[in-house]
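Next come the structures, one after another.
In the two complexes below, chain A is the common chain; its partner is chain B in one and chain C in the other.
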Partner chain A sequence: MKWENFRFALFEKAPEALWEHSLIVVITITLAILISVPLGIFLSRPKFKKFGLVTLNILNLLQAVPGIAVIALALPILGLGMEPAIVALMFQSLLPIVRNTIAGLLGVSSDVKEAASGMGMSQRRILIEVELPLAVPIILSGIRTATVYVVSMGTLASLIGAGGLGNLIMGGLSLFRPEYLLVGAGLGALMAIFLDRMINYLEQRITPPSMGAE
Partner chain B sequence: MIELDQITKQYPGQAMPAVDKLFLSIPKGEICVLVGPSGCGKSTILRMINRMIEPTSGIVKINGDDVTRTDPDQLRMGIGYVIQQIGLLPHRTIAENIAVVPRLYKWPKGKINKRVDELIVMMGLDLEKTRGKYPAQLSGGQMQRVGVARAMAVDPPIMLMDEPFGAVDPIARTHLQDELLRLQKEIKKTIVFVTHDINEAIKMGDRIAIFDAGKLVQFGTPEEILTNPINEFVEDFIGRDRVVKKLNLYLAEDAMQPIGCVVKGNELHTVAQKMKDAHVRVAFLLNEEGKACGQITVSDTEEFGRDIEGLRKRVLRTEKAFVQTTTPFPDALSLLLEYDTDYLGILKGEELCGMLSFKGIRKHVYRKEGE
Partner chain C sequence: MTLSDFTSFLMKNSKTIMEYSENHFTLVLLAVGISLAIWVPVGLLLTKSDKWAARVLALANTIFCIPSLSMFAILVTIPMFGLGRKSALLALVLYAMMPLIRSVYDGVKNVDRNVIEAARGMGMGTRRILIEILVPLGMPIIFAGFRITVVMTTGIAAIATYIGERNLGRFIQEGLIRSNTPMMVTGALIISAIAIGLDTILGLVEKRIVPKGLRISR
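And then the complex of A and B:
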């Protein structure tokens, strides 16, 4: 191991890779939330509950496909670059968010919903003022799982030219430079831990006091 | 007034309708208790009034208007609703929970705050301590107080209560019942109250409707039902001790008799003669301030004769053998048995105003029974 190589990887290569990687993660998770949460809400409505199981199964299947295969499959269809990588990663991160959205919404006590409805709150209002706020901690925990997943899978995205920390890792492997590998993997791990803790903190903050305390 | 006209509710896949061609008219300003064994359809009936459940056929009318003409959410905003599980919003404070319906009516903030404070105090909760708390920080009894306060927030003329006190401990339940009755005297709401507990029904109801398997079996005042149960089912349901239960309906003043003879502390030696002259079998002793402090029966005077001090001791033994005009019969009976006596003085506040005798209670209950 050479200090020189290490320094080069950390100060010359890493900033750009980190920036690209963050971009991939943020865009992927934002898109995943925008698709999954409404889908979860839709699938938890009494009328559409029967589609819920089917959708969850499909998403489970998607999840079961190895990340590297998804990215490889994205290549012939979507081509090279960051966009196809984001689309591929997004499909993989839908499941935890949809699943937790449904679980969170269905977990809201039927007594609370009954009382809210009995007071004359419309179904829409109950969703916005009662169900969603109560489900948010669980939805966030799904987002947390998905985020960590995307950070780690995101390193594979460099295979189809998306850049990111994967570039450092792949570079290190092909050039036999363990320093590159260490910097890429280490920063990836740190990023995953940081995001995990941050979202976890958010979860704690918005869970109403005394809920779940007992 | 709430009218149910030919209401039937048939759930799919069930052989028997949950509610079968029900006609029921609930008068304004009264507590009407729907009671019956579980599965008799009483909750279904309640929930058809605010359209939480829609009847298969028949019409529900409130003050003559068919409820299906009003949007269900609008209808429910105008009807208080209390359920056994309470269902407070766990992520909102107590104040916010009570403010739900006023907010639906878009009341200005100041008016909402004022009303919330008023209700918290009215329900006997500590204003400063309760306002900002979350439901999980309260006891079951306190939560149901908030549940009732929430239902009364916009002062709806009708309240529907589905086993409201079923999940709280017996002591809190008694308190809540008493307070609701006390409040009802002022607010005079039309309350439809569902319970499976016949004792609660007798206590709370101006009128009781007894149901069995979706059919109304008997509808009447607690007194009517306890006096003349219409069939064996009602008889079984209200229990073998129905006459004892009926005692709860009467107060000491209902069987009050005038007092024939009172004596002061220094007149004890004349009491035997006084009672003889007045043709009564009991006299009451007054202390210097004119307060009643015991009773003397004819047998006491015979037993003690000229032993005035012995008699005085005997009299003071019954120092607490008094009831208020509003004491219910069971409490009075308990005192009669406790002091092994036939008579109790009746006080109005501090003042002796009459007496209650064992025989009087018996006659009162028997007369009512015979009616």
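And then the complex of A and C:
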């Protein structure tokens, strides 16, 4: 291992790769949240329960498809670059968030909802002021799963030209430069672990003490 | 790409497909076998100590976060492992740690305490309680973890093609390099079909082996 290579990878290559990777993760997760939370709310309404089961099954099936296959299928359909990668990753990050939104909303005790409606709250206000706040910890845990997944699969997105830390790792593998591998892979691992810890911390901060898990 | 591209690719390359599939399944079988042999006993052991359970589960969680490509890349730089099967196996076994330990631990811990007490009252020893009460009653959760492990391992194994495994991931790798779309898409479709197939079959098994009263609703 040469210090020179290591320094080059860390200071010349890594900042850009890290920036691209963060961009992919932030955009993908933001889009996934914007789509799946409303979808989860919609599917948890009693009227659409049947529809919800079908959607969940389809998303479950999508989830079983390995990430590398998703990336490979995105190329002929969507083309090269960052946008196709983001769309492909977004599709797979929907399931954990939709599932947890539904689970969180359905988990709110019916006594609480009845009390709220007894106080004269409309269905809408109950959703916004009672159900959603109580479901937020569970929704966040779904977002955490999705985020870790996107960081992980984001390293493969470099295969279809999306850039990111995968560029460093792939470059390191093809030139066999262990320094590139360590920098790219190490930063990827740290990023995933950091985001996981951070969202986990948020989850715990936001959970009302009386609802804390065990 | 049309359907005829797809079928002609399948016909022309049936031999390679067979070879890659064989390699793929060997790797997955080995990895799942080793993982079961290590992590199930560890999970059972952890039910004895809450302090250690918390520590080991936190470690498993952290390992599970590491991107798969990163994991392979880091292992490759360790001289003892290097490019090839050893690194691939170790990475897959490390990933299986989280779902397997977690499900064995949760499965056993979720068994009703009264049932255990009743068994003890009947004069069963710790070992018999484990084999005849805890494992069968914990089976639904344990099997769900096993299912996740198998499907996940099948998918991640494909990425091991980048560290020298000659398996189904290679179609994707080579297809990308040569911009050979039929090759790439066929590879992706075969892997997806296997993963979805395994998930479905194990899902059916899961329903069969679980006593009716114990089925988890999803």
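By our rule, the second predicted complex is superposed on the first by the 212 of 214 C-alpha atoms of A that agree within 3 Å, B and C clash if a C-alpha of one lies under 4 Å from a C-alpha of the other, contacts with A are read in each partner's own complex, and residues count from 1 in each chain.
Rule of thumb we're sticking to: a contact is a pair of C-beta atoms (placed from the backbone, for glycine too) under 8 Å apart; a residue touches a chain by one contact, two chains touch by 3 or more.
Keep in mind that this is a model prediction, so the values were computed, not measured.
Colleague: Looking at chain A, does chain B or chain C touch a larger number of its residues?
Modeller: C
Colleague: Using the touch definition from the top, say if A:112 reaches chain B (first), chain C (second), both or neither.
Modeller: In the superposed model, A:112 contacts chain B only, not chain C.
Colleague: May I ask you to decide whether A:193 touches chain B, chain C, both, or neither, giving the answer as first, second, both or neither?
Modeller: After superposing on A, A:193 lies in contact with chain C but is clear of chain B.
Colleague: Is A:85 contacted by the first partner chain B, the second partner chain C, both or neither?
Modeller: It touches nothing on chain B or chain C.
Colleague: Let me test your reading of the model: by the given contact rule, A:138 touches which partner, first (chain B), second (chain C), both or neither?
Modeller: Once the two structures are laid over each other on A, A:138 reaches no partner at all.
Colleague: Tell me which partner A:126 touches in the superposition: chain B (first), chain C (second), both or neither.
Modeller: After superposition on chain A, A:126 lies in contact with neither partner.
Colleague: For A:185 in the superposed arrangement: first (chain B), second (chain C), both or neither?
Modeller: second
Colleague: If you look only at chain A, which of its residues touch chain C in the complex?
Modeller: 61, 64-70, 72-73, 75-76, 148, 151-156, 159-160, 165-166, 169-170, 172-173, 178, 181-182, 184-186, 188-189, 192-193, 196
Colleague: Which residues of chain A touch chain B in the complex?
Modeller: Residues of chain A touching chain B: 109, 111-122, 125, 129-130, 133-134, 208-211, 213-214.
Colleague: Which positions of chain C touch chain A when the two form their complex?
Modeller: 1, 61-62, 64-71, 73-74, 76-77, 151, 154-156, 158-159, 162-163, 169, 172, 175-176, 181, 184-185, 187-189, 191-192, 195-196, 199
Colleague: Quick check: in the complex, which residue numbers of chain B touch chain A?
Modeller: 50, 52, 73-78, 81, 83, 85-92, 100-101, 104, 134, 136-137, 147, 150-151, 160
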